[in-house]
Structure formats: structure tokens, C-alpha cells
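These notes open a run of structures that come right after.
Look at the two complexes coming up: chain A is in both, with chain B in one and chain C in the other.
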Partner chain A sequence: MKTNIQEIKDLSIGFKSQKGKQISILRNITTNIRKGETVGIVGESGSGKSTLALAMMGYIKQGLFTTGGECLFKSQNLLSLNNKELEDIRGRKIAMIPQNAGQALTPNLKIGYQIEEALKLHTDYSKGEREQKISELLNQVRLPSPKIMALRYPHELSGGQQQRVAVAMALAGNPELLLLDEPTTGLDVTTQAHVLELLKDIAKDTGTSMVYVSHDLGAIAQVCDRVIVMYAGEIVLEGPVRKILKEPIHPYTYGLLKSIPKLSLIGLPDSMPGSQPQPGNIGNGCSFYNRCNFSNDECKVNVPKLEYLSEMDTSVRCFNHSELISKTSEQKMKNHSQKKITIDEILDLKDVSISYAKQGIIDQFLNKVTDTNPTVKDINININKGETISLVGESGSGKSTILKSIAGLLKTKDGHIKFDKEKLLSGDLKKRNSEDLRSIQLIFQNPDESLNPNHTVEQILSQPLKLYFGLTGSKLKESIVELLEKVRLGAFYMSRYPRQLSGGEKQRIAVARAFAARPDIILCDEVTSALDVSVQAAVLDLLHKLKEELGTTYIFVSHDLAVVKAISDRVAVLYQGRLCEIGPSKDVYQFPSHPYTEVLIGAVLEPDPDIKPKLVAEDIVEEKPPEIGCSFQGRCPRIIGDKCRNETPPWQFGDNGNAIRCHIDIEELKIQQS
Partner chain B sequence: MENSKDIFNEKPKSSFAKAFDVISTMASKPSGFIGLAILVFHIILAITSPWFAPYDYKAINPSLMLNAPSSEFWFGTDSLGRDVFTRTILGGRTALTITFFGSIIALLWGGLLGIFCGLVGGRIDDIVMRIVDAFLSIPWILAMLLIVSLLGTTTEVLIPALGFFYGKGIVRVARAATHDVIAKDFIVSAKARGHSNLSIIWNEILPNVRDAILVEGAMRWSWMLLGFSSLSFLGFGVSPPTPDWGLMISNARGLMSFAWWAVIAPIVGLSSLIIGINLTADAFAKALGIDRSTKAPV
Partner chain C sequence: MFFLIFKRFVLGLITLFIVSLITFIGVEILPGDACTSYLEREAFGEALAACIKRLGLDVPAHERYLSWAFNVIQGDFGYSLSGQMQINEVLGPRIKNSLVLASAAIIIGIPLALILGIITALWRDKMPDIIISTVAIFSMTIPEFISATLLILIVAIWLEWLPGIVIVPTDVTFFELLPNIILPVIAIAMIMTAHMARMVRSSVIQVMASDYIQMAILKGVPYWKMVFKHVLPNALLPAINVVALTIAWLLGGVVVTEVVFNYPGLGRLVIESISNRDLPVVQALGIILASIYVSINFIADLLTLMLNPRLKTLQTRK
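On to the complex of A and B.
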């Protein structure tokens, strides 16, 4: 057995509420990190995973305090060390990469300089050795031409490259334990897959122990040897990654895994009812009791203990785990009835181009087009009544831009948007009439930003009702209650402020606000990206049910290919503001595909350690689309030479009904990709 | 951090109850309590002092010149034989009134212009801010002197003039706060729904910038008080014989070495009021959850 590098014994951390009550965030955590192993900590937001990771380096956030237990790093209790002693350990023996570490690099200092500072702080190398080491580190995180990289500023690197620099800095002190808090959240799918690959190799090469905190089981599956599942401040399940992800014997983990949409399945995933209890609000019995499908009376009154099952090398906190042992996590998705969409066009985007470039006054006057290379170009999509069409692509592919111009928030440069077959939608919001405005509603990614923090739910929902239907008094109240019911919330939510709602509830209010207008089309911009998976499944389910009920058309934007597959009828793939592929959802996900679609699908991380992502293309982010030729030429793994660089590729149609824009013959693509 | 249970049971409150909450939060910390106590004391004093002032503030009596504090004249008498205690308790009235209304004017124009600039952005915002800056880069005291010497030192001149000069900081804060909010999705959402600009300002923006502006206004109040007292000190504020701390300090400062009481009393009055307002404004900011170190760029 490997030696433990860190031992956490009965650790509890809490805070004092305004009323002086002690409220715990972490309760009786006991676990070990072994030498050279990578441990994943998963859990919903608020489950205490970051607090635990920080405690592992002896750091307790302000306002929090330890209420018991210890955190031993090589038999030294970190929580009893003074600052000086901790400084000697942090960076040298234990390093941390926080979320968005790449973006947190100092903007006005060169990369090399920043790494050198880290080296100065954490090592005793001489100047010459440091320079040597900088190159080594940059090489280790696989940044091309380290000498040149070292002279760049952070903004001259892509998001993935910045994250690599952050990894290099963390490795500067040769740490024995590396803590990573959501290291790839916020990165593009392809970038994420590459960074994870890198971390895995580093762990293998250097023998560093890693603790990997994430809410993303897909990422955990790729890098971790062992997984700790947290729920409401407790460890509920802990064991080898395969056991946890393939035979989850705790009801929470079981439900969590079922709520993740997967590429291999069709339809919507199961959602878990309810939400995680808030700290201080945990009842007497099992903390998962009110969401559990396997509970009995004992669960309500007694708290289950973390029990070690030696035959599975797994610890579990549940009275009824044996019931789950027999259940394989064989999954059947709810059959989302793939309704036949009747061809009844509701929205027509014709040759739409959108440019962010500011036109010069003289050019404006002469009506001359100056931007020959607009952000979004030549978009042709017809959308039928009642269908869900998704736009996918990496960050910067113009998904939100297209939505904004449909909503009238951005003017199109060329082309037109036609609504309901005959009405041309003006690019200027002020010129749209109230009826057109009502017909198209938007839901945003982050409900924290999209709901006015100073308004109650009642005020939020009454806005569209007053604006479009002039409702007042008891009529207004009735409609609000009705809307809340629609999104499965009780009438008592009316008097709440957004900060009194959980993430999922907030997003439900945002959904209700969009539906309040009784729109024909709802534009959804990454509506589930800010939510935990179990909540995501519930919101997707809600959107789907509302659509069945009301026949609304969705235009759905997401970077998550599995989510898109679960909810959409049709998918359009965008790269750098240009359409690459469009077709019925099940066909876009099958070969032959556009080489870019292939790259995207390959990078999807499944919550299964045995399904590895296929990394075919580099993850370099391009600043601007090329002026001529195929938009994907800069990263295409199948590029066939000058033709791709000089000629705009033609649309080709597959047997299945998907259209692909590529110079490679579709039959040939099929052969290459199979 | 709050107890989530408390949060979840919180009901929306009337504005009155909200104001009460803010004040009780302010008073729950020692500094806020002291600040509030001083401020309230000064306000009550300013309102009620005419009724219990022991002497006539303008009664000159050469035989009583520069008497030291005694049981008869608690704070002594000044160079004209007037009772310093009487003049001290009355001396804050004018300053407090003028600067209070001055602050309201500063709040109004500063807040409105700031919100406007934050809203329109771009070139108009640039130009307006340049003009505001240019105007206010003139040393304010010179400008004030010019104004009062042209238009007189009446209340009708002083209030708007002070209000104008102290509104600049508020313009900046209001503009920054507005800038922060208009990028938020809930504004985009309201725009996309087709609400009118006025409705967006009133419903979406104002509730979110109000706190920052009010806090800045409270802060500006204490600055303005100091400014106004300086004017009085220079002889351009309140005209004699009306009692005023600035004026009293100015008149008595030459006699400091042998009649310290005539200077100390108004100094204590003025500085305690300024400290009181400052502490209150700080506590106000904290109670509203506004971090002044980042929100006040001036």
C-alpha cells in the first residue's frame, strides 16, 4: 500500500450565523490522499468541495473556522501551523491552481517573468538555473517554442495556453501535492480535453499527488484514480473511479450519473427532484433524505455512518447501499418523443452577416461596406414552428451574436431575418412593433445576471405581463401564480428576491418570465451552463415539457454537445461565425461529419473512465476567421491543401439529411471517419 | 455570511421597514452608533437651541469682554462680550441647513447627470465628463469666492453654488454604478422585451444605483460642511452677527493664546459634526453592503 501524503481526520469547518448559531459547512471529513495518486472531489455547488480543498493547504476562508479535527500533511497538522510555517509549505510542497487561474495572470508582466517570480519564491535556484527551468516548465506544459512564449504577455495567449502557464507556475516549486479547483471549467470543450490530458501526463511523469475538485464527472473520469463524492458538507461516497462511476452505490451518485446527458443516448436524462439543503438547514436524518428514491423510515431519524466495504474498496454513507449494488447504472433515457416536425417555417435567416466593426462616417454616408470579414457571415437557417434547433461551437463562434441579432439587439450587416414567412424583422429594436417583440423572448446563461437583484419574483414576472397584456390587480396576480405553477414553483415564491433562490429556482423564474409573454420563439443562450448537472437535467426537462404543452420554438445555444443532443431536433455547427454543418440532431452526431464537428464530438468527456476523448486537432484559438477559403482551415486535421485555403467549400448533402460544408467529398469523409 | 435559514424566511419589506433595518444595522456597530448619536444630537440641537439658549446671541456687552468660563457663562465670552455657549449651540444651524440642502442639490444633479452619462456612454459621455472635469478643476474656493462676491452671500446663492461644486464626486459614482448595471443581462432582457428607456431607468437601473449614490451624497455632506465653514472663516459664508462656527473660529483665532475658550468651543462643535457625519456615512455604506474603497474614485 502506498503511503499517505495527506491525512484528514474528522475535520469540521463552520461559521457563526448572524444570530450567533454555529453552522457547519464541512462535517466530520475523514480521508487520505496517497502518494502519487489523483483524487477527484465532486459535488454540487455549495457541497463544500472548495472549502475542503483549501483546508488541504491549511487555508480557512475568512469568517470560517475549524470546529474539530485535523489536516495532516506528512504528519504535520496544517491547521495548527503559523503563517510563516505555512508559507514554507505552500507553493513548495503543496501548490494550488484556482479556478480561472489562467485569467488571473498579471496582465502587464511577461509570462517568463511571472514564472521566474514563482521560481524565486519557491526554489533556491540560481539565475541560470531558473532560466533553464522556465524553458523546462513551458515544455512540460506543452507550450510551443518556450523561448518565444516566455516573452509574451498573458493576453497574447489563448485561454487554454493561459491555463497551461498557470499549471507551469504551480509546478515551479516541484510540489508533492497539487490542488486543482475546477481547473478546466470555463474552457472550451477541445481546450478542456487537452488540458486534462496534460495534467494526466504530468501526474504520471512527476509522481505528484493531485486533488482535483470539479462538478464535472466527465473531467473527473479522465484524470482521477479515486473519487470522493460530497453532499451537503459530508463525504457520501469514496472509492476507485471505476467503482464510483460504473457501480455507484450511493443514491445521490446514482441519481447524479443518471442526470448527465450522454452522447451515446437519445433523449433527456432523468432529473433528480429537489435541491441540496442549505448549510444550517439539514434535518435530523440523512442529508439526502428528501431527494432520495431509496429511503425508508430509518433514514429520516438516523444519520448514516460512512461505512467501508472492503470487497469494493469503497466507503459509503447510506443505510440501503446494498439495494443499489445489484442495480447496474444501465441507463434508459426518457424517450423524448421525437415529434415529426411539420415544415411550417417560423423564422428564416437568409444570408445573414453581422459585424462588430465600427463603420467610418464617410463609408456609412456612402453606404459602402468596409468590413469584408465580418464576425458572422452567410448564415442561412430556416426554423420550423415547434422545433428546437441548437447552435453549437466553441467560444467566439458567434452563437450569441446570432441570437442577439434575432432578438433585435444587434443589427445585421447583410441579409435578412423573416418572421412568420412574411414579416421582415427590423435590425433595430425600436422599429419592431410590440407584437414582434412579444413573439421572441430571450433566456440568458446566468440567472444571477439576468434577474434584477432588487426586484421580487412578483415584480420580475409582472413586467412582461404589464407590458404586453396590460394586466393589473388580481388578474396580474393570478397570471403570476399560473406562471409559477408552470415552472413548478409554489405561489409563495412571489415575495422572494433572487438572492433567496437557488440557482435552479432562479433559472426557472427566468424561464417563467420568458413564457409570460406567450412567445412563439424563445432564444436560450447557454441556459444550463451555470447550473449543476442535477439542476440542469431538471431545467432541460422543464423546457421540454413546456414546449410540448405550448408548441414553442426554441433556438438553443450551447457549447455542450451532449446537452444539445438531448434537447434538439436539429443542430447547426458554427466555427468562427460560419456554418459548417447543419442537420437533424441524430445525423449530425453520426459520421460522415464535417471535420470540425468530428473534433468537437471527439473532445466530449463522458463520465466513464473507459471512454477516452479523441484529440485530433490542436486547441489553438484563432483571433479572426480567414478572409478566403474554408473557415476551419487553420485547425483542420483533414485539410487537403490549397483548395481549402483559397476556395469557399461547397455544401454537400448526406443521405441522412445533414448538410456539410467541406471540400472533401462526403463519401470520402465517411470512409476516412469510420 | 448569513444564515441561509434567515434568508429564506425573509419577507419583502415596506420601504419604512427597510429603512429601519438599515438604521438598526448601522447602530449595531460601535462606530456607527457613535456617528448616528453625534449626528442626531447635532440635529436636535440645531432644531431646539433657540428655545433654550441662555442669552441673546447678538447682545454685545463691552464690560463682559473675554471672560473665562464660569458658572454664569459656561463657555466664557468672546471679544464683544457675547456668551460663547449661546453662540456655539446656535452656530451649527446655518451650516447644517445650508449644507443639507446643498447636498440634496448635489445629489440631484450629480446623480441624474451621472446616470445619464453611464447610460449613453460613448462620445457624449466623454464630452460631458470633460466639461464637468474642466469646470471643477478651477480651485473651488476661488470659484466660490467669485460667485459670492458677484451674487452675494445669501442662502439662495450658497446652496446651489455648494451643491454644484460638491456634485462632481456624485457624478462619477453614479456614472460608474450605472455603467456596471447596464452591462447586466437583466437590462438587456428589458431592452429586448421593448420597455421604454424611461421605464428601464426607473425600474431596472435606479434601484441598483440608488444606494451607491446616497452613500456618496452622505460623504459629500461632510466635505461640504467643511467647505462651507472655510467660506465662513474667510468671511464669505454667514454674515455677522449670525452665529456660525467658521466665523467664530475666524474671529477668535487671534486671541487663542489668552482666550482659548472662544476658539475651542466652535472647533469642537464643527469637528464633532464632521466626524459624526463621516462615521454615519461609513456605517450607512457598510449597512448597504457598499465597499467605498472601490466605489469612490475621487
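On to the complex of A and C.
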């Protein structure tokens, strides 16, 4: 048995509500972190996982306080130390890698300085040695040309590079325990896979214990030895990673795993009903009672204890876990009727290119755009009525840009967008008539920002109804209630403000607002990426049902290939604003495919420790698309030489219906990829 | 970056040009002209003719604007009617006096505001913050003509510590002026300091709540080192423009305070020449105050550009 490096005993953390009531965020947490092991803490937002990780450093956020228990680091209670004593432990014994490195690096200080600061505080190196060490650390996290990198400011690096700097900074003090708070959330898929690879190697090389906090079971599966699942401030399941992800014996974990869309399966995942109770609103019985499919009367009254099952080396907080032992976690997708899309074109993008280059004063006067290398170029897509088409790609692939210009928020430089076969959509929003505006609606990524916080749900939904249909009085009310019912919310939501809704409910309101206009096309910009997985599955399900019912066309933008696969009929893969591949979704995910699609699929993390991502290409960030040749030439693992650099690749058609833009012969590609 | 500075500079010049046009046109469309309004009931016969000739009012407006603007560029503002001398001679000592007043207020006010702002932010919702913030909100809400009058009443009349009003010739030396400016400086600095301290406070609080400060704490950076290295540089950057605006706004406060204390500065000159209907001087003052405003904002932009690494590299990269 390995020794424990950190022991958490009966820890409770809470805050005082305005009414003076004490509300718990963490409730009686007891667990250990062993030497040299990587432990994952999983849970949805609000489950208290970050609070727990911060408490492991003796850090309690302002407004919160410990209501009981202790956090022992080598038998020293961190929560009873003063600031001076904590300064000696933080960074030296326990280091933190933050969620969003872009915001966690001080903007006015150079990378080199920030790493040196950690070295100065926690080591006895001389000035010269420190400089040496900075280079070594930057090298260790695989950043190119460390000498130059050290002189850069945080904003001059890409997201992946910033995250690597944060890792280097954490390693500077040679810590015995590393805490990682969602270290790859917000990174592109390929970058995320690379950073995880790096973290795994570091854990292996240095023997450091790690605590990995994440909502992403895919990432957890890749790096962790043991997993702790949290729900509503409690540990509900704890055990070895394979047991947790393959034989989840807690209904919450069971449901969570089922709600994740998978690349290998077709169709929509099951969604879990309801949402996590807010701190302070937890009833008498089991906190998961309301959402549980396996509950009985006992669960309603009694709180289950965390029970250790020695034969599985797993602790579980559930009365009925034995029912789940026999159940396989085999996922069955709801096979939604993949109805045949008739060729009835509703939107036609022809030779569309979009440029962000600012016109000079003279060019503006002459109405001329001089940019020879626009952000988005040569986009040709036909979209049929009732179809769901997805645009996928990493950040900077131009997918949102295209969406914006369909919505009329961005002017196209060349080409045209035709609606309903004959109507040419103007690039200028002001020149579109009310009918054009009504027929195309947008749902944004983050409902927190897209819903006016000072409007009630009723006001939010009444606006499109008044604007497009001139509804008033009882007619208006009726329509609002109808809309709310359509998105599975009741009429009593009318008087609520966005802040009184959960993330999933807010996004439902945003969906309802888009449907209020009775549009022909709905543009969905990363609509589920701000949501928890269980909520994501429910929103995807809702979108799908509404489409079945109303025959709406969706244009879906996402970076998540599994989500895209679950919802769409066709997929278009973009890199640097150029189309790489387009085809029916079931075919794009099969080979042969464009080398970029191959890279993207390879980097997807499945919530299964036995399926490893395939890292085919480097995660370099290109600032601009190349002027000539193939857009993917800079990173392509299958590049065949000057042809790729100088000539725009031709479209080739695979036998299963997907079109690929590549110089490599499609038969050749098939052989290479099989 | 150079281009950006140049652009800001040109924009400043354009602003000044527009201000000069507006003041000129404003004076022009007033009923009568500089001479009739100045001479009032004596505006007839020889006196009027002499005045018109003296000011060159017999030439068309656009020509007069051009020659006036041309002279202003060379630093010649023309002739003051009430002072019966060149405006430059009137302005010289007044500018110096106002400058002494304003710079004293700035020299005391800005550091004080920074210190108070930082203290209130770091001890947020504790005793030091509650006391300082209450006082600050009080002094922000009391207009300076009231606080100035109260100061005179308490310090000059009841306590008899300092002179209540400034009775000195316009061209006093600096040291003779010094005891006289204490009260006006307090009156001006009070509001300005309070405003800025509140700004600094909220800016520091915002930075303290940021991810990178939490990171610095978790990295084990000692508290005061964190405050000076990680918090302040980032918190004070946005404060620069606020400080500039406050200083520019101080110009208005200076006018009122100078009148209350009978202080021989630019502010009092503004009021005097308006009541004397000395339009050439009003015009000159308009341009001068506008150029002070423009140059303060220009300097603030320069400082922000220089101190913010984000802006610096953004500009050189493109």
C-alpha cells in the first residue's frame, strides 16, 4: 500500500446565506490521495469539485468557510495554517495548474518572469541557474525556442502554449502534489489531446501525485488511475478508473456516461431528467433522488452512506447499487428516424469568401476590398430543407464566421448566399427585409450572455412575436405558453428572470426565442458547449424533436465531433476558413477521409481508458491560411510535396458519398488510412 | 505604435480646430459684435469706429477667422478690450497662477487618491474602507462652491488660521502666493481625490478577483509582493484615463473655486471677461482650455500605450 500524501477527513465547506442560514457546498468529504497516483474528480458544474481541489491547497474562496473537518497534507492540517506558512507549501509542495491559463497568467509580466518568480520563491538557485532552469522547464513542456518564449507576454501565446506555460510554472517548485483544475477545458481537441499526453508523461517521469478536476470523462479516462465522482457536494462514487467508467454502480455515473455522445455510435444519447439541486435545496433523502431511475421509498427519507465494496475496490453512496452491478454500461443510442432528405434547396452558399481585413479610407470610398487572402474562402454548400448540417473545425477554422455572414452580421467579400432558391440575401443586415430576418434565427453559445438579464422570460419571448407577427394581449400570452411547452417548460416560467434559471433552462429559453419567429433556418453556434453533459443531451434531444415536428433546417457549429455526429445529417469540415471535406455524417467519420478530419477524429477522447487518442499531427497554431496551395499543408501528416504547397487541391468523391479536397488519390488515401 | 500616436495627435489637432470654429462662430452670431457689446451705450460715433478699426471688424468674417487663427498659431491672441492691452500680457500671469493652483491640487490629489484607493480596496468592507469611503462619498457629493465657502467659514473666519480670500496683485511671486493657495487647493483636491480614489478602489478590487491573482496566491507569492507586482500594474492601467478625465474636469472646478476665493487665475478671468463682454478674451480662453483638455487626454493615451504590453505589441505586430 502506497503512503497517503493527502488525507481529507470529514471536510465540509459552506457559506452563510442572506437569511443567515448556513448552506453547505461540500458535505463530509473523506478521501485520500496516494503518493504517485493520479486521481480524477468528476462532476457537473456546482458539484463542488473545484472547491475541493482548492481546499487541498488550503485555499478557501472569499465568502466561504470551513464548517468542519480537515485537509491533512503529510499530517499537517492546511486549513489551520496561517498565510505565511501556506506560502511555503503553495508552489513548493503543492502546485496548481489553473483552468484558463490565458486568464491565470498576469498580463503585464513576461512568461520568463512569472516562471522565475516561482523558482525564486521555492528554490535556492542562483540567477544564472534560474535562467538555465526556465529554459529547461519550457523545454520540458515542449514549447519551441524557450529563450524567445521567456521574453513573451502571455497574450502573445496561443491557448495551448499558455496552458503549457502554466504547467511549467507549476513544475518550477518541484511539487509533490499537482492540482489540475480543468486544465484542458477551452482548448481545441488536438491541443487538448497533446496537453494530456504531456501531463501523463510528466506524471510518469517525476512521480508527482496529481489531482485532476474535470467535467470531461474523456479526459479523466486518459490520465487518471482512480476517479472520485461528486454530486451536490458529496462523493457518490470512488474507485479505479476502469471500474468507474466501465461498470458504474452509482445511478448518477451510470446516467452521466449514457448521456455522452460517442463517435462509434449513431444517434442521440439518452438524457438524464432534471438538474442538480442547488446548495441549500437538498432534501432529506438521497441528493440524487429526483433524477434517479432506480430509487425507492427508502431513498426519499434516508441518506445513503458511502459504502466500501472490497471486491471492487470501490466506494458507492447508493442503497440500490447492487441492481446496477449486473447492468452493463453498454450504451444504446436512440435511433432517431433518419428520414431521407429530399433535394429541396433552402440555402445556397456559392463561392463565399469573407474577410476581416479593415479597408483603408480610400478603398472604403471605392468600395474595394484588397485582401487577397481572406479568412474564409471558396465556400460552396447547398443546404436542403429539413436538413441538419454541421460545420466543424478547431478555433480559427471560420465556422462561426460563416454562420455570422449567413445571419447577415458580416459582409461577404465575394460570392453570394441565396435563400429559398431565388432570394439573394444581402450582406448588409439593414438591407434585409423583415421576412428574410424572420426566416433565419440564431441561437448563441452562452445563454448567460444572449438573454437580457433585466427581462423576464415573458418579455424575452414576446419580442420576436410582437416584431414579426404583431401579436398582443391574450394572443401573445397564448403563444408564449405554447412556446414554453414546446421547449418542455411550464407557463409558470413566464415571470422568471434568466438568473433564476439553470443553464439548461436558459438555453431552452434561447431555443424558444429562436422558434418564436417560426424560422425556416436556425443557426446554432456551439449551443451545447457551455452546458454540462447531462444537460447537453437533453438540449440535443429537444432540438431534434422540434425539428421532427416543425421541419426546421439547422446549421450547427461545433468543435465537438461526437456531438456533431449525434445530431447532424451532413458534416462539413473546415480548416483555416477553407472546406476540407463534406458529406453525410455517417460517412465523414469513416475512412477514407481528409487528413485533417483524420487528425480531428484521432484526437477525440472517449470516456474509456482503453481507447487512446491517436495524435497524428502537431498542434501548431497557424495565424493565417497559406496564400496558395492546400490550407492544411502546414500541419498535414500526409503531405506529398510541392503540389500541396502550390496548387489548390481538387475535390474527390469517396464511394460512400463524402467529398474530400486533397491531392492524394482517394484510393491511395484509403490504403494509407486503413 | 508610432502610427497610432500620430493618429491621436492629428485627431487632437482636428478637435482644436473644430473648437476654434465653434467659439468663433459663437461669438459671431451673438447680436452685435465685440465692440458694441463692450462699449454698450457708448457704442456710436468715433469710439465705435476706433474700436472696430482696432479689432479689424470691418473685414469679412472668414478673413477675420483666418487671420485670427493664424495669429493664434503663432501665439498671439489679439487685444483685450477691458484690459486695454495685448491678451498675451493678460494671460501670462493668470496661466501661471492657475497652473500653480492646479498642479498643487494634482500633486497632492493623485498620490493621495492612489493610496486611499489601494487601502480601501485591500481592506475592503473593513474599518479603513468604511471610514475612507464614507468621507469620499461625502466630499464627492458636495459641490466645490459649498465646500469652499465652508472652508472659508471654518478655517479663515472661525479659526483665523489662513486668509479667506486671496487679495494679491495678479503678478505675485510664487512664495507670496503659497499661503494663499492652501484653501483653494483643498477645495479642489477634495472632490478630485474622492473621485479618483473610488475609481482606483473598484479597479483594484476587480483585479484582486481575477484568476491570475488567485493563481499568484496559489503559487505562494507573498501578499505584498503580489500586490505590487501582480495587482497594481494591472489595476492602475485603466485608472490612467480616468485620472486624465478627472484632471480635465478639474478645469471646471478651478473656475468656480477661483471665483469663490477671488484667486487671480484663468478661471476668474473667464468669469470677468464674460461679465465685461470682452469677447476676444473669451475666445482666447476657449481655445486655451480646449488645448489643455486635448493635451491631457493625449498624454494619458501615450502613457497607456507605453505601459500596456498588450497594446504595444499589438501595434508593432501589424
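Just so it is clear, the second predicted complex is superposed on the first by the 662 of 674 C-alpha atoms of A that agree within 3 Å, B and C clash if a C-alpha of one lies under 4 Å from a C-alpha of the other, contacts with A are read in each partner's own complex, and residues count from 1 in each chain.
As a convention for this text, a residue touches a chain if its C-beta (ideal position, glycine included) is under 8 Å from a C-beta of that chain, and two chains touch if they have at least 3 such contacts.
This is a predicted model, so every value here is computed, not measured.
> Clash or fit: how do chain B and chain C relate after the overlay on chain A?
Aligned on chain A, chain C clashes with chain B.
> What is the contact status of A:Tyr289 with respect to chain B (first) and chain C (second): first, second, both, or neither?
Neither chain B nor chain C is touched by A:Tyr289.
> Considering only the touch criterion stated at the top, classify A:Tyr493 as touching first (chain B), second (chain C), both, or neither.
neither
> Would you mind checking which one, chain B or chain C, touches more residues on chain A?
B
> Of the partners chain B and chain C, which touch A:Leu437 in the superposed model: first, second, both, neither?
first
> After the superposition on A, what does A:Pro107 contact: first (chain B), second (chain C), both or neither?
second
> Counting only touches as set out at the top, which of chain B and chain C does A:Glu449 meet: first, second, both, neither?
In the superposition, A:Glu449 touches chain B alone.
> Using the superposition on chain A described above, determine whether A:Ala517 touches chain B (first), chain C (second), both, or neither.
first
> Which partner chains sit in contact with A:Leu409 here, chain B, chain C, both or neither? Use first/second/both/neither.
Touch partner of A:Leu409: chain B, not chain C.
> Can you check which stretch of chain C gets into chain B in the overlay, out of 44-52, 80-88, 134-142 or 224-232?
Given the superposition on chain A, chain C and chain B clash at 134-142.
> Where on chain A do the contacts with chain B and the contacts with chain C coincide?
Comparing the two interfaces on chain A, one with chain B and one with chain C, no residues are shared.
> Which bits of chain A are touching chain C when the two form their complex?
54, 57, 59, 83, 86-92, 95-96, 98-100, 103-109, 117-118, 121-122, 153, 155-156, 166, 169, 173
> Give the list of chain B residues in touch with chain A in this complex.
Per the stated touch rule, the residues are 1-8, 10-12, 184-186, 188-195, 203-204, 207-208.
> Where on chain C is chain A touching in the complex?
For chain C paired with chain A, touching residues are 210-212, 214-223, 229-230, 233-234, 237, 308-310, 313.
> Per the contact definition, I'd like the list of chain A residues that touch chain B in the complex.
Residue list for chain A touching chain B: 15, 17-19, 21, 23, 63, 278-281, 407-409, 429, 432, 434, 437-438, 440-442, 444-446, 449-456, 463-464, 467, 495-497, 499-500, 513, 517.
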